[in-house]
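Next up, some structures in structure tokens.
Shared chain: chain A. Partners: chain B in the first complex, chain C in the second.
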Partner chain A sequence: MTTYMDIISIFILITSFALVASKKITSYIKAFRIQSALLAMALAVMGYFHFVESGRIDTLVLCALIIALKVVYFPKLLNKTYDRVEHKVEKDFFMNIPMLILLCSGIVIFVYFIISGIGSFGNEDVTMQVVNMVSVVLIGVFFMITRKKAIGQIVGFLVVENGIFGAVMFGAEGMPLIVDIGIFIDLITGILIMGLMVFKINDLFDSINTNKLRRLKG
Partner chain B sequence: MGYIIIQLVLMVGLAPLINGIIKKVKAFSQKRKGAPILQMYYDIGKLLKKEMVVSETSSWIYKAAPYVVFGSTAAAALLVPAVTNAGGLNAAFSGGDVLVLLYTLALGRFFLMLAGLDTGSTFGGMGSSREGMISSLMEPSILIGLFTLGLASGSLSIKMIMSESLSKVCPIADPVYIIIFFVLVIVLLAETCRIPVDDPATHLELTMVHEAMILEYSGRQLALMELAAAVKQLILMTLIVNIFFPITAVLPAGVPGVAIMIILYIVRIVLLAVVIGVVEVCIVKLRFFSIPNLAALSFILAIIGFVNYFVIGR
Partner chain C sequence: MSFIYLAVPLAAVVLSFLIKNRKAIYGVVILSSLITMLLTLWLTYVNVSGGGNGLVLTMGILYIDSFSIIVLDIITILGFFIHIYSAGYIERDYISGKIDEKQVKLYFILMNAFVFTMLVSVSVKNVGILWVAIEATTLASVFLVGFYNKRESLEAAWKYIIICSVGIALAFLGIVFLHLSSTGVIASPSQVLNFTDLTVLAKGLDSSVLKFAFIFILLGFGTKVGLAPMHTWLPAAHSQAPSPVSAMLSGVLLNSAMYGIIRTMTIVNVNLGSNVFTGRLMIFFGLLSIAIAAIVILTQKDYKSLLAYSSIEHMGVIALAAGFFTPASLFAALLHMINHSFTKSMLFLSTGNILQKYHTTNISRIKGILKVLPVSGTVFIVGLLAIAGTPPFGIFSCEWNILTAVFSGKHYIIGSVTAVLLAVVFAGIVHCVFKMFFGEPPSEVESGEDRIAGTAVIVVLLIIVAALGLFMPDAAINLLNNAQAIISGGVC
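This part shows the complex of A and B:
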């Protein structure tokens, strides 16, 4: 099972690289969807073991929630938002893609040194998974600051959430169910509000470039 | 001695078949019947009989290049043992380093690029410049990928890397190995002029890379160039098959074991060729200036594998 989790965590890291490397809005929404599906796959196996060992079903519930929200609902919502705004292709990066990817690999190495400096987590097996997940968190933040379009920033936010959730699941076998459900409800509200904001920004400025918001300054 | 003969005959003899299989898979995907699987053997046989036409402006490099290219590729083929089990590894040349392999191949490529430039035709120069760019982009990722495998096995020798993966239960299930597997597949597609980088089926002047460099060649020299490209492809495929999908079953040493291993080797290579054909059907050719993105992706995969090797540490 450790090997399975290792492989899944590596694939989640790779999808976050695919996210940074993709040019089109639809393709990074797709990368986010694949990442969430991988997280759900990890949770399904973990939930099965929890169920067999101690009869807990909370991990399986979380797995179902992730499939419903992050694999199905959020990507659909984002695609709908994307269909209704103008300017389909995101051409304007702050840096070119190979440069972005190289910086992201720098992030992974940085996280590795930081975490190996802390020492192990009492359990040697999870160190690698936690390293990968913390890298996903930082890459998500990095993704948010390198995109100019508002949808990219929503996706970056969701990826950060995926990373934190994955780190908790891999590192500590999860939080109490009530906490996770609370986080999910916050997330839904946040994404809905951000989606509305994208419409508003688009209405007001004919574009969803966030750097045009500077015009609001007095 | 026996090893050298078996290895050379196997590599050079099998290489054109792989091209035929990949072409057949692509033809089936387009609902064509396609050329026979053995077509490349016929082509090479025909080309060997034909006379050569050599440009008057070309120098000795043009004439020497096919022999250097084929010779260096055949030498590189000796470094990658096809039969790893049943005493095959023990017979293999033990000094076969990863660096020796890569730079023996690079020697051939260097002469290929020089020959493309030598005739003074515009296509040749264009092909050489593109080949130079692609190979320099792909070199870091294959080096770091193979270095990571070397770290895992404690030696850079190809023999040791292969025997390390023989000692694992299922090497492809190892997180580090699975990443390096993807790296090597991307490198395989790029180095052998497969579709995301170059279209081997086209002679459209704006897109061709490998074909542009050998455009001026004819007759025996063209046959050697084509065969060298096919052997190079088989070398990389052998590397993938024997490192990531080894046959770990214990077989009797000696002739029967080696024969079984050769058959299993051919089966695995053919399966990999079919997979490559399907991959090539499913993806589109990249714009030339998007190739750095692909190279960056494979480089990053290699780096992640490298870092993860230290993180796991087990």
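This part shows the complex of A and C:
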């Protein structure tokens, strides 16, 4: 079980590198979808054990929610948004990709040192999984600040969410169900609002490059 | 039954959605905000007259004590005034053709949803649900910020939702760590993330993980509070939103997020047995916010973003005072929260009157406010003096108390730096804004106050602000003392 979780958490980390390395909007939506699928796999196994051991089904419910939203619905929504607003491929990052990858590796090393510095979370295996997930969160934030397109920022936000969700699952084996449900409601509304705003930005600015949003400075 | 006040704004959301007639919507929302206010004032009365340890009510996940009641009262009292003001403001925008009937409906639906989410955030004892509610405040208010659908307002709304969502996501990571620090201590599932239980069990929590949790929670909720350097969304959102929404954001919302920070701070301080760790962080971010706001205010060209930076400054002052964590400084921090809310809402509402006359937020293009708007102009100038920290207003006495608490704790350098920065803010406000009031108004602006109700609201708020500075009833002092005892958790 632990080995399996370790491997999945490493794969989730790798997908966030794939995300940073991808050039086109469609390919990073794909990377996000793979990452969510991996998270769902981890949840499915954990949910199975929870069900067998104590008859709890909440983890399985969450797994189903993740598949429905993050694997199916959000990528579809983002692709649809992309089709409607963008007609040509533009360069979408401020730094070149090897540089970005190098900086992300730096992030992982940084997180490793910080978290091993504060002691362990019960046992060492969990610590490693938490390191991976916190790295995913910070890489997501990093991704958001290095991309120009509004859709890139939404994907970055979703990756941050994935990382946090992973940290909850691997580190704490879940939150109270009511909190989880609240988070999902917030997440759905948030993504819908952001998607709607991408259309509005496209209408008013004729582009979804957020570096054109720079009237309000100072 | 006592938690019925949560249902009233929800009912207002549904009714604003169903009712077709514009004027009927105004009536419904004003009535519902009045009922909400009366219900919470009744709870305050029950709390104050009951005395005791400050606990008001608890039921399942819902919970109110003296500290929550202070923030609750700020939300509902200002909510009532802002709704009265909004009705006139929105009606005028409608008549001038700026917005259509659908947008009027949308405005009140979102406004009441916004109030509801803020009420939830201070009426629960589960930190996870507190987080969900604070994230929901962003979602409810983002279209209010981008209400006019102009380029600038859309830009402000985009910044607002992206920066706050990411910030608050980091806060959630902090909450995950808070949960991790309590594994092994928690006895039953109902205690998970429960700040009342966590405060009781605080000694047993894992300190190193808890410290890590506090850093993330401070960064995350600090984004929503507008602490520098995570403040960049705040001036944009406050200057682009319609004035009543700015009043709501600045006067009310910032407190709800600050509430989240202070609640976790208590747990960490009880666990560590001192305020050294949290104090250093809070004082650092507080001072940085005051400093950045002071510098920017000196060169500000837009009066609404000047007020926004002033909010950053005052949130910095509150963070600083809370960071010192002595009974006196906590008391002053709470009082400052109340004073800042009322004064800042009054100021933003008066800018609404000015904006609808002059149609610009640019300071250099405005002259002769006192001639054009004798009442709102006077309220605005007096309010600016109050917010800058002139006696006899409440802000002055709070800042004085905070500085006294800092100096009596022998933190001379921090105290002097704060005093100098507050003086710079004062100079900046006087230097930038006061030229707006005098001189000849432009010829195309017609003079005279238009909206009686709106102007009456700001005058009433001015009276409240002035009264807060001069006199405090014993009941209010008891309430603040109870809240201070709850926050200190027995550490100081």
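Keep this in mind: the second predicted complex is superposed on the first by the 210 of 218 C-alpha atoms of A that agree within 3 Å, B and C clash if a C-alpha of one lies under 4 Å from a C-alpha of the other, contacts with A are read in each partner's own complex, and residues count from 1 in each chain.
Following the convention adopted for this analysis, a contact is a pair of C-beta atoms (placed from the backbone, for glycine too) under 8 Å apart; a residue touches a chain by one contact, two chains touch by 3 or more.
The structure displayed is predicted, hence computed values, not measured ones.
A.B. asks: After aligning the two structures on chain A, examine chain B and chain C and state clash or fit.
C.D. replies: With chain A as the common anchor, chain B and chain C both fit in the superposed model.
A.B. asks: Have a look at where A:21 lands relative to chain B and chain C in the superposition and call it first, second, both or neither.
C.D. replies: After superposition on chain A, A:21 lies in contact with chain B alone.
A.B. asks: Once chain A of both complexes is superposed, is A:172 in touch with chain B (first), chain C (second), both, or neither?
C.D. replies: The second partner, chain C, only.
A.B. asks: Could you read off the angle at the CA centre of chain A, spanning the centres of chain B and chain C, to the nearest 10°?
C.D. replies: The three centres form an angle at chain A of 150 degrees.
A.B. asks: Contact-wise, after the overlay, does A:31 reach chain B, chain C, both or neither (first, second, both, neither)?
C.D. replies: neither
A.B. asks: Looking at A:134 after the superposition, I want to know if it touches chain B, chain C, both of them or none. Which is it: first, second, both, neither?
C.D. replies: Touch status of A:134: second partner only.
A.B. asks: Check the residue A:158 against both partner chains and state whether it touches chain B (first), chain C (second), both, or neither.
C.D. replies: In the superposition, A:158 touches no partner, neither chain B nor chain C.
A.B. asks: Is chain A touched at more residues by chain B or by chain C?
C.D. replies: Ranking chain B and chain C by residues of chain A touched puts C first.
A.B. asks: Which holds for A:13: it touches chain B only (first), chain C only (second), both, or neither?
C.D. replies: first
A.B. asks: Of all C-alpha distances between chain B and chain C after superposition, which is the least, in Å?
C.D. replies: 17
A.B. asks: On chain A, what residues does chain B touch that chain C touches as well?
C.D. replies: none
A.B. asks: Which residues of chain C touch chain A in the complex?
C.D. replies: 61, 126, 128-129, 131-132, 135-136, 138-139, 142-143, 146, 149-152, 154-159, 161-162, 165-166, 169-170, 172-173, 176, 179-180, 183-184, 189, 192-193, 206, 208-209, 211-212, 235-236, 239-240, 296, 299
A.B. asks: Of all residues in chain A, which touch chain B in the complex?
C.D. replies: Per the touch definition, chain A meets chain B at residues 3, 6-7, 10, 13-14, 17-18, 21, 97-98, 101-102, 104-105, 108-109, 112, 116, 124, 127-128, 131-132.
A.B. asks: What residues on chain A touch chain C, complex-wise?
C.D. replies: Of all residues in chain A, those touching chain C are 114-115, 118-119, 121-122, 130, 134, 137, 141, 144, 150, 153, 157, 160-161, 163-164, 167-168, 171-172, 175-176, 178-179, 182-183, 185-186, 189-190, 193-194, 197, 200-201, 204-205, 210, 213-216, 218.
A.B. asks: Would you pull the chain B residues touching chain A in the complex into a rising list?
C.D. replies: Where chain B meets chain A, its residues are 173-175, 178-179, 292-293, 295-297, 299-301, 303-304, 307-308, 310-314.
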